[in-house]
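Chain naming follows the written order as A, B and C, and within any one chain the residues start at number 1.
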Amino acid sequence: MADFKGPLEKLLELIEEKQLEITRLNLAEVTSDFLAYVAKLGGKVGHREVADFVVVAAKLILIKSHALLPHLAPSKEEERDMAELEGRLRLYKELREGEKVIDTLWGKHVSYGKTFLSDIPEGFYLSEKVTPEQLHGYIKDLAGGLVELQKMEEGEVKMVNLEEKIKELLGWIGQRVQASFTDMSKGKQKPEVVVMFLALLHLLKDTNISVEQDALFADIKIAHNHG
Amino acid sequence: MAEGKKDLRAQIEAILFVYGEPISLRQVASLTKANEKQVSEALEGLKETLRDDHRGLDLVIGKDEVQLVTAPELSDLVSKLVKEELDTKLTPAALETLTIVAYLGPCSRAVIEYIRGVNCAFMLRNLMVRGLVERRSDPQKTGGYIYQVTFDFLKHMGVTSAKELPEYERYTSLAQTLINGDEEGQ
Amino acid sequence: MAEGKKDLRAQIEAILFVYGEPISLRQVASLTKANEKQVSEALEGLKETLRDDHRGLDLVIGKDEVQLVTAPELSDLVSKLVKEELDTKLTPAALETLTIVAYLGPCSRAVIEYIRGVNCAFMLRNLMVRGLVERRSDPQKTGGYIYQVTFDFLKHMGVTSAKELPEYERYTSLAQTLINGDEEGQ
């Protein structure tokens, strides 16, 4: 898990593989590849990591949809979301250069400090009274923190976000698709749309969400029947 | 007191030598009975003299702390003497996080996650345990924290301040334009 | 090697700085790949520059040993710093560390850092200097250390063993279940 980078790294890789610039059109270009990758990710990494990919996938789907349906004017919020992903990816790419700098310098020229108060004669230096009750108070808090930490490690916190995100994503897709699928079926890009939804379907299946699954798939089915 | 004629710079050198670890400018000022401005000036003077080829030490000067360390040029020589095992391996994810904190810090976790696109709670905790990143309360947001690289990180990089990192200015201004206003939306 | 242009005197200064204790001329010569005569000359040169009013350090040169120390004129200042450090009230972070060592000791630094989520090297050093915590070699891990509170500290709290701390059993077993296997993962 520590070696696992993340969705922006993957996205950049897909763009660079095709030797493309970071533009909105090119992001649309690699969306299906990205979704296909995320769909396969389910079994390999934890929910927490998948969730990070789903967030980016949501923005890509937005970009893709607008690329496919240019007559649908994006809302202000959608426009901001799309521009944001582009900007983030650019910044990410730039920082990757900085990363190389740090990697090169790291550990080459190290400065060393001196031991803190190395010359003090051994002794017992405590001017205030410390009581067992005081330590008891601290250990209670620390134990509480430790329990929280374990919960976090088990991913409980993030799971909630993942479910929400997928729900939101599907709601959005359902809305858009119902509104415009008839229009689209006339267009030539239909196969691409189908690929996208199939990838999304895989993604949902693999993320193994129990709570909303029925409702979610019902949504998808509507979309699928239309196609 | 028997400080003889040793001046403020000499006094500061002695304090930093004995203390070893990073010490706050405020404590240095209080010990020397000088004000913080005088201390800062004396530190600048000291830093300047340490550039000399005869000097084997260097100063790491942070926003409110300072530490006397060996000159980075003498890394290979000194490492032979230091027993402590250095924790030097950086995974790709650790490197990515450190880069962001080094160039853009002090910054909130939201900013780091915004740029990396992944949850960074564990990575930041890991880097804090390794002593490469530290956090403090966010003056802008109650209950929030901001993260920055530590003196130990800088000492591993052979620089005495994050600002000395190559292209520091470029990245900070770049990030400013790209992140501006968006981080809260996350 | 990347010693840059730092000369022998600089190299010696760095060595004496990190070493702290008296070091033999022979060892200095071997580290710097110079001969003892060159080392002696460089030391003379260093000693001379330390007379300067701007310098806070001094060299103690024995028959075949040498040590870098603070200038004798600054001894009052140094004692003030030391006294301040040792007299100062324990910070919440210090009490937190002390608590972990008291309840879970003898334990490794990794366990303490896992619980606190920050690097504790300096904090432990601080508590050791004050005689509140002591360390010994970890029988389970070569080169590693384990930490425990001192008998003086227990006595100060009015107990004869850590086991007398409130709910001692409860927290040690809780920590055992929660930390098991995780500390190495950090």
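As a working rule, contacts are C-beta pairs under 8 Å (C-beta built on N, C-alpha and C of every residue); 3 or more make two chains touch, one makes a residue touch a chain.
These numbers come from a predicted model, not from an experiment.
Of all chains, the one whose CA centroid is most distant from that of chain A is C. Comparing chain pairs A-C and A-B, the larger number of C-beta contacts belongs to A-B. Here the spacing of chain B and chain C, counted between their Cα centres, is 20 Å.
Separation between the centroids of chain A and chain C, computed from CA atoms only, is 42 Å. Each chain gets one centre point, the mean of its Cα atoms, and the points for chain A and chain B are 30 Å apart. Chain C has residues 2, 17-18, 82, 85, 117, 122 in contact with two or more other chains. The set of chain A residues touching two or more other chains comprises 108-109, 112-119. Residues 17-21, 58, 60, 67-73, 75, 78-79, 82, 86, 88, 90-96, 98-100, 102-103, 114-119, 121-123, 126, 151, 154-160, 165-167, 171, 174-175, 178-179, 182, 185 of chain B touch chain A in their complex. Residue ranges of chain A in contact with chain C, taken from their complex: 108-109, 112-120, 122-136, 138-139, 142-143, 145-147, 149-150.
Residues 1-7, 9-15, 17-19, 21, 27, 31-32, 45-46, 49, 52-57, 68, 70-71, 73-78, 80-82, 85, 125-126, 128-131, 134, 152 of chain B touch chain C in their complex. On the chain A side of its complex with chain B, the touching residues are 2-9, 48-49, 51-52, 55-56, 80, 84, 87-88, 90-92, 94-95, 97-99, 101-103, 105-119, 152-153, 158.
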